[in-house]
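Several structures are given next for inspection.
In what comes next, chain A is part of two complexes: it sits with chain B in the first one and with chain C in the second one.
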Partner chain A sequence: MSAQRESQVAAAQRESQVAAAQRESQVAGASREGELSLGAGAPAGALRAGEGTPAPTVPLRRAVGALLRKELLVELRTLESVPGMSLFALSTFVVFHFALNRNSVEGDLATGVLWVTLLFASLLGVNRLFVADAEEGGVDGFLLAPVDRSAMLIAKELTLLCYLVVLELVAVPAFALLLSVPMAHALPDLLLVLALADVGVAVVGTLVAALAVQTRARDLLGPLLGLPLLVPIVIGAARATSPLLVAGHAGTPAARWLAMLALYDLIFGLIAYAVFDFLLED
Partner chain B sequence: MAAVELEGLARHYGEREALWGVSLSLQRGQTLVVLGPNGAGKTTLLRILAALLRPHAGEVRVLDRRLPEESWQVRGEVGLLAHEPMLYRSLTAEENLRFHARLHGVQEQRVAELLAELSLSERAHEPLRTLSRGMVQRVAIARTVLHEPELLLLDEPYANLDPGALDLVDPLIGPGSGRTRVMCSHDPAGALREADVVLGLREGRVAVQGTPAEVSAEELEDLYR
Partner chain C sequence: MYGRGLRALSISTVVAVVAALTLVFFYAPLEAEQGFLQKIFYLHVPLAIIALCGFVVGGLFAIGYLRTRDQRWDFRSYVVIHMSLIFALATLITGSIWAKGSWGHWWVWSEPTLVSFLIVFLLYATYQPLRFSIEDPERQARYASVFAVTAGAFVPANFIAVRLATEFLHPRVLGSTSNLPGSMALTFLVSLVAWALLFVTLCKYELTAKHTRFQLRALRRRLSGEQARDTPPRRSAAPQHPAGTAKLGARVADGGAST
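Presenting the complex of A and B:
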């Protein structure tokens, strides 16, 4: 190496040291402002898989907020998931209306129509959940950041939950109108069932979507993996909904089915938290 | 102090060896230029250094951290500019950079500074899909240096950039940036100009290695024949 190059490298090394000192100072400043947390504030995920002492990291809440904001912004711009899910549900209710050849449905039949439609509509959203990240390198961009990987799990679950809420804001009134389902008095109880089922679909759906997106057959694998795992949610939700959709609203949702939905949500929430890191890993 | 130290690094995809027996040392502030035909293992090497891929054999130390065991501590200290810009086409340049700034805990005023530095302020509010490839590359470069990484991993960083844009990005990712750089390139002459260490790969194995004084342009051009 020439003397000129050696002096260039020495100068670059000096600049590098200065830049490193500046970076450390910036990190310290940011930390004071609550932008970063150190050591004890590091997320549990930072200490997983024997990765040593955690480095400065962005708090989980901030990371989830950034990811969720980005997810909703992308959906707002592309309209690739929610409109498709909603249109699918509306079309399916119309098909049921003509296929059943009835002006109104209630009880078990109404419950079946509602939950099967919501299940398949939600699978459309599940299939699209990681597509933008996979196609545009978003997962790598996320993995390069000093952020607990659970942030992506939580943000995706919340995103899917938002999609499901919007879907149901469209689909449930349409269901009541198109199939003349008696549900005005049952609405508070129905909302409880919908909320418990939505959490389950969001948790299971995120897990399945993260797994499927790694494969070339993701469009096929998502529903194939998702349907068996979502069946218990449909069973619990249908059993809990059935007494609500009868003329005069005779019943209330059985507590055991609500408890079953809550337990399923909890179990899959824990499973998703435990395995999500490994799904993102090489 | 070494920024990158590799000893017998190997990585395979199924039966195919993507990298085998790569050993080198790169000091802080130095530039390593990696050359080789498509499929030679350049991108795999960058992804291992970025802690996105696990090495299957050998020792890897990046910024004094052993990978993959201490990969958590390397994240946030490296900036990876890959072929894929890691940006969302439906979002604007500003929205993309703000998103990454939040993920890295960087103050958002840095986004405006970088957009201005790269002459992107006027188009900062347009969706990325409406920008030219060169502009997207500039946004990707802004994303790469947003958090002031100590180590830059650059996969053909000057692709799609016109001469004016080259001048704009040079202070950020060029030799004068003061950062340690590992750069993939297909330009032997440029490599000899910019590098402190040159690495030529062929089918995942080291074919040429040394300082620019030890390596000739012909040897590097032979990698592509």
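Presenting the complex of A and C:
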């Protein structure tokens, strides 16, 4: 294993002189950090994040695949998040039926019911996303592995995305049945809006979950941080959905809302990629 | 170290604020439609601009912290965001008063800037609880910096989103300085400078006061010996160990050894 790793590092060094020099300085930084933490017990304050990490030797795709498989396996065995989220969504529809005193909803009202329910149900999943890793030492184990730290971010985002898809497979049909929402004619458009919004919720939710999980008030801070950050997604998704949920009116979502959702996904994807490494340094 | 130039800055702030208020009340003409009420514009808009810039600057300081791991950057980021939060609250209150006066409602959802501001305010209101609920000072600084960077980037993104979502029911008469008459533009610019100076001065005061308090605490701990050092410091959302405390402690220790 170590021979393989060395040969890979050597191959990477042959690729270009500049990259090799950078990698050497990173290795030097890593050993310096090790000395510091062994000697004075001082955190490597002068070193930047990333310099201390050894050159990743496992390709990102394999690392993400392994992590994603682990997450989904854990979820399949414990069934901690997804059933809870789905059940919460169903209960919320019942609550909305009584709170609004309506047997059927459509248009703006239906959009509001759908997005409030999906948002709060997804916050349940966000709150639990890193808890098992933080409590059982999964993060420490991950940090010991010679992989890029962004692998954790991408794997968690994909995990949350899977949770959201399953949640919506349950919640959206239930929504249509329980509150007799006319949506059959606009299903493809609705799926597009849901997909774009899910990506945004997954990206923002992962970042928020990673921020909140190390705090004492994690159950409180997750939603408090998440809701304002998710408001633009709700704006875009709700505006795009509302013409779709009107009976007999085959409206299409305005392109600018879809573009806004996609742009927001992109911006927060980049932000999360830039700052996530700093959350995994313990 | 933070107190240098504080007196000159304070005096110039007082002069600028007095000049701005004089211009607002005695020089700027009454607006034709809104009359006297419009003068809140010279307070509300500068406060809003400064608060938003403060949030973004706090994010930039946080980037400085994440790059250098120098506690002073986190300290500055904390103070700037703290002060911006106060200015943002003042913006919301003055905006609300203006909305009541000109449109008859305390809160107007069709005014995109006001709504964006509320969302940004709600987001930054979680900054202090986030800091407060992380005990380890290094981790507190790191997580707060990550939050500040994310939220700093969220500020412009959120403004674009809310502005897109709002149909312009009310014409934006005072959207920018370009369509203002000269005397109003001058008053506005002087007000902007005055309130910006106030912001900087208040930030400097807070930096100085907090820094002095840390130094004092370090000295006390030195004087009362090991016993007091064991008691943990009161938990706080403010950064715990800005640079200088350790140096000062060492200096006192040297002085004690030589005498």
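Going forward, the second predicted complex is superposed on the first by the 224 of 282 C-alpha atoms of A that agree within 3 Å, B and C clash if a C-alpha of one lies under 4 Å from a C-alpha of the other, contacts with A are read in each partner's own complex, and residues count from 1 in each chain.
Keep this in mind: contacts are C-beta pairs under 8 Å (C-beta built on N, C-alpha and C of every residue); 3 or more make two chains touch, one makes a residue touch a chain.
In this text, all values refer to a predicted model and were calculated from it rather than measured experimentally.
Using the contact criterion defined above for the overlaid structures, shared-chain residue A:L229 touches chain C, although it does not reach chain B.
Chain A has more of its residues touched by B than by the other of chain B and chain C.
Once both structures are placed on chain A, chain A residues 46, 281-282 are touched by chain B and, in the other complex, by chain C. Per the touch definition, chain A reaches chain B in the complex via residues 1-2, 5, 8-9, 12-20, 22-23, 26, 30, 35-36, 46, 50-58, 62-63, 65-67, 69-70, 73-74, 77-78, 132, 136-138, 140-147, 281-282. Against chain A, in their complex, chain C makes its touches with residues 66-70, 119-120, 122-123, 126, 129-130, 133-135, 138-139, 142-143, 145-147, 149-150, 153-154, 157-158, 160-162, 164-165. Considering their complex, residues 27-30, 50-54, 65, 68-73, 75-80, 82, 84-91, 95, 99-100, 102-107, 127, 143, 148, 150, 175, 178-180, 196, 211-213 of chain B touch chain A. Of all residues in chain A, those touching chain C in their complex are 43-49, 207, 211-212, 214-217, 220-221, 224-225, 227-229, 231-232, 235-236, 239, 256, 260, 264, 267-268, 271-272, 274-275, 278-279, 281-282.
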